[in-house]
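Just dropping this structure here.
A, B, C, D, E and F label the chains in the order they appear, each numbered from 1.
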Amino acid sequence: MPDDALLSVHDLACARGERLLFKDMNFSVGAGEMLLVQGGNGQGKTSLLRLLTGLARPEAGEIRWRGEPIRQCRDLFHAEMIYLGHANGVKDDLDPIENLRFAEGLQGRAFERERAIDLLQGLGLARCLDLPCRVLSFGQRRRVALSALLLADAKLWILDEPLTGLDVHAVALMEGLIRDHLASGGMAVATTHQALNLEGVRVQRLLVGNVAIPEMA
Amino acid sequence: MEWASWSDFWDMGGYGLYVWGSYAVTAACILIEVILLRRSAFQTRRRLKRMQQWEET
Amino acid sequence: MGRFLLAVLRRDLTLAARRRGDWLIAQFFFVMVASLFPLGVGPEPNMLARIGPGVLWVAATLASLLSLSRLFADDHHDGSLEHMVLSPEPTVLLVLGKSLAHWLIYGIPLLLIAPVLGIQFNLSWEAILILEFSLLLGTPILSLLGGVGAALTLGLRGGGVLLTLLILPLYVPALIFGAGAVDGVLAGTGAEAHLSLLGAFLILTLLIAPWIAAAALRVSLE
Amino acid sequence: MNLYTYAAPAHFYQLAGRLIPWFAWSAGILAVAGLYIGFFVAPTDFQQSEAYRVIFIHVPAAWMGMFIYLVMAFWGAIGLAFNTRLSFMMVRALAPTGALFTFIALWTGALWGKPMWGAWWVWDARLTSTLLLLFLYVGIMALWAAIDDVKRGDRAGALLALIGSINVPIIYFSVQWWNTLHQGASVSLTKAPSMATIMLVGMLIMAFAAWFYSIAVAFARARSIILERERQTEWVKQILEN
Amino acid sequence: MGRFLLAVLRRDLTLAARRRGDWLIAQFFFVMVASLFPLGVGPEPNMLARIGPGVLWVAATLASLLSLSRLFADDHHDGSLEHMVLSPEPTVLLVLGKSLAHWLIYGIPLLLIAPVLGIQFNLSWEAILILEFSLLLGTPILSLLGGVGAALTLGLRGGGVLLTLLILPLYVPALIFGAGAVDGVLAGTGAEAHLSLLGAFLILTLLIAPWIAAAALRVSLE
Amino acid sequence: MPDDALLSVHDLACARGERLLFKDMNFSVGAGEMLLVQGGNGQGKTSLLRLLTGLARPEAGEIRWRGEPIRQCRDLFHAEMIYLGHANGVKDDLDPIENLRFAEGLQGRAFERERAIDLLQGLGLARCLDLPCRVLSFGQRRRVALSALLLADAKLWILDEPLTGLDVHAVALMEGLIRDHLASGGMAVATTHQALNLEGVRVQRLLVGNVAIPEMA
């Protein structure tokens, strides 16, 4: 299979309620490449990402993974893809480690405790390991969600505003992580409203909707 | 012919309340349904027309 | 696959253990409803014995219905449900696992409490035995059907009560067979027939409900 | 794929528009005929005197109540299987009428029961299962009311109708069983009045009237649903023009 | 102050109107619980008439209990509760307004449905009349006490539940007086005594509950 | 009363669970001044803001408004203060306008419909006015919350990461709004992890916790 178009989108259209958000959207993302989805509030970024994950049905058009429509190869696709939305998917009653354990289990994978702990500490959660996530701060909960993302080491990351609530250090960290991920042949589709420093990365920008976005570093 | 007189008919051998009660409510229900249906159909058309003009402008 | 089912189970059990509160309240609700009745109806022993099985069955039904509304709601809310549905494993397994967990968490305790309440309504021992048995067969049905309801009403406000409205009529056969079994004992006509019908209904539900629930879940997440 | 062309809302809209008057009129005529037979031809019943004349709406209503639910389930299944928009619209169009007939069956039954059994309500198998049927209808409509995304509502409602239809026979049977277990029940409908053929004829005619009426109403409702949902399309725009 | 109370009322009523489904369903829940009992207990008319009042009262209690759990939860969840508590107006008014709204939304309809169910359990007309009366006095009590319960259980996980367990038994007197009143009519011993006790209980609750609820609310939000 | 210290904090200490987040905190904010609370994730910014609103009780120390402890002058203080937290306080079932109406009513104020509509349109929600907020996008919901804030025209704004989920245009807009608010003698206490352009504003920076934050424009 052509390594340079693992994920491809053909004539995609998306409607929410009455409103047609976008149509005739075409793009393809290859290994080691990042797609940065940009657009103003309410232009349809989240909706697009949910289409890509297969959670929502497109109004028209098709999404292909390794050449096959994702509806056909659902299991394969979901095994290689991981999604982080506006909601963290973090259980308030569990502590970070337990959260990661079950996240892994639900992906049908075994759980490597040491690796998980390293990841959490790497994300600066060392002192929160045994606190229920309920008491964690907004940004700390976001960090837990990110570590679940890293633990999964999937090929394709789909990130909806991964930086919300993260402080500057965490943002820098995150940029580094994305770079490594791409360098190791991974792919990422992400939206963000914040400046993101991604030099040395093959970035493809996609503007959703009609609100122009001033070029960001 | 079953009935000696109209009053006899309405009386239904003492069961008038029950029989006519049933028929009356049934008639009412059907009437209401039809009326509501006509109204909603009419309103839908009108609303769509308005939206269309609004979209065109 | 096995691991996935196990993970779902362990996860829900852990969460339930964390919120021992919610768990307690369901049990308490069962006791309360069952005990409210003598208060509302009056204390004559034989009358209570007559209505006992029915009351206990209805109480058990309502008790586990209460918790059903939250079967998927919490996970949906904090986004983890999406992650589960996005896992490579089939969604049916997910639904099955969650229904099963619900039964273990909320169904089993009812079985343990029921005899005590049975004594309150001075039921005979074999009546209580049959009651236990009928509940053992009946409660999983509710958990399974409830899965469908919970998936359908996912993210709707007042989902809890809507769920009751959707599920209870479907659940009536179980109620009838179950309570009927105990009445059968009391009336001396035996309970086998009812119990076997109840079992058949359970198997049928087990075969059908998870698939519909899975489909409903995907629909609700769109 | 021709399934789509058959199920294409545009065609159906025109077709239904042409058919509705026919069904409506025949329903009216049949109703008049049935009522005439019911009131002026059918003899007084020896055990119930005139009260039994309720049956001419009661039974047709009860039948339609059950029948329409099955039809809904059928369309729902089709919709889920082939993803045809029209079938979902039919499901939505049918529900209110079905609920209405079920209610009428309950109401007339209750009014019938008072003189016959001296009680408005008795937990007879038929009565109970009809009540449950009403609950099922209300459930589906409540679900639609609660879901504001059309597509989701369609599919959810279809799924519910499906599992419900599997369940209805079981319910009916279980209730029958329950009722026979408790011999205490003061009456049971099984000893329904022995019906003279003329009564039966009247009842059947009324049943057909109810049937045509349901079709007409459902079509009419479906038409406005179609307009609602297809308003983006050209043909609807043209229709709205004139 | 008046405006504030009005605002709270209008707000909750509007929200309820938005969720008409939700609202209808709560009423249906009442109907269904009441209808389930005969299925469990059996169809003998005179026996049903005996247990009728008790069943209806318990069903009413459960119906408004269910909706109560969401009295503050939704607002807490989306943060608007904090805004309300941060408003310059006294919190007691807020609680009072919300309880009142709850009664208007969920209590009143029960009164309208009860007679029909009364007929199902073939109660006599005057029994139904008294039932109405007792519910009219009883349902506000549920809404007010429920306000306390909802405030206490807000947010707090395991701990809060234990507190609910303390609240629920407070319903019992209302239940006993209410059902007792109707039984009194059936037994021919008259209902005045029960009804006046119920009224007294209502006034007591009205005077105390809102303050406790307000305090509880502040505690829960800390 | 001294116009230059409406809000003052004395020896404030805050503990969450076992953990002491900060102690001996002292600062005062005057009219036309802005306090920018900075600090890494989980350092205690939100906790501090909740103390300032009076929602939480301080471990030690005192918060004064116009010289009086806020516990004493609760009603006055709440009448002049408005808080926007991580949660929006937006009702999903109501459309934006209704949300504003009730927000006003609950503050015990009359509702000016035109003004509300202008505000919403000013925040770019013109085409969402009659949609239930449930269907709005993440950023759009945040915008609704912000317009409720503006409508209240309170003297003191307490904003916890007001920029989360906002696109660049909205951020610029928000900066302008804050400037105007301060210019007209208002006060603001805000936290944010994003760069915020506030030239021409009397900004006072407060670092919570021990994680240094690189100076932001």
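Following the convention adopted for this analysis, a contact is a pair of C-beta atoms (placed from the backbone, for glycine too) under 8 Å apart; a residue touches a chain by one contact, two chains touch by 3 or more.
No experiment lies behind these values; they were computed from the predicted model shown.
Contact with both chain B and chain C is made by D.
Contact count check for B-D and D-E (C-beta pairs in contact): higher for B-D. Relative to the C-alpha centre of chain D, the farthest chain centre belongs to F. Because chain C and chain E carry the same sequence, their contact can be compared by residue number, and over half of the numbers here are used by both. Farthest chain from chain A, judged by C-alpha centroids: B.
For the pair chain E and chain F, the distance between mean C-alpha positions equals 37 Å.
Mean C-alpha position of chain C lies 25 Å from that of chain E. For chain A, the set of residues that touch two or more other chains comprises 17, 57, 86, 93. For chain D, the set of residues touching two or more other chains reads 135, 138, 142-143, 146, 149, 151, 175, 178, 181-182.
For chain E, residues touching at least two other chains, in rising order: 19, 21-22, 25, 28, 32, 39, 42, 47, 157.
Interface residues of chain C, counted against chain E in their complex, comprise 18-22, 24-25, 28, 32-33, 36-37, 39-42, 47, 50-51, 53-55, 57-58, 61-62, 66, 156-158, 160-162, 164-165, 168-169, 172, 175-176, 179, 183. Of all residues in chain C, those touching chain D in their complex are 148, 152-153, 156-159, 162, 165-166, 168-170, 172-173, 176-177, 180, 183-184, 187, 189, 197, 201, 204, 208-209, 212, 215-216, 219-220, 222. Across the complex, chain D is touched by residues 1-3, 9, 12-15, 18-19, 21-23, 25-26, 29-30, 33-34, 37, 40-41, 44-45, 48-49, 51-52 of chain B. By the touch criterion stated above, chain D contacts chain B in their complex at residues 39-44, 49-51, 53-54, 57-58, 61, 96-97, 100, 103-104, 107-108, 111-112, 114-115, 213, 217, 220-221, 223-224, 227-228, 231, 236-237, 240. Interface of chain F with chain A (complex): residues 16-17, 39-43, 45-46, 86, 124, 128, 131, 135-140, 142-143, 161, 164-171, 193-195, 211, 213-214, 216.
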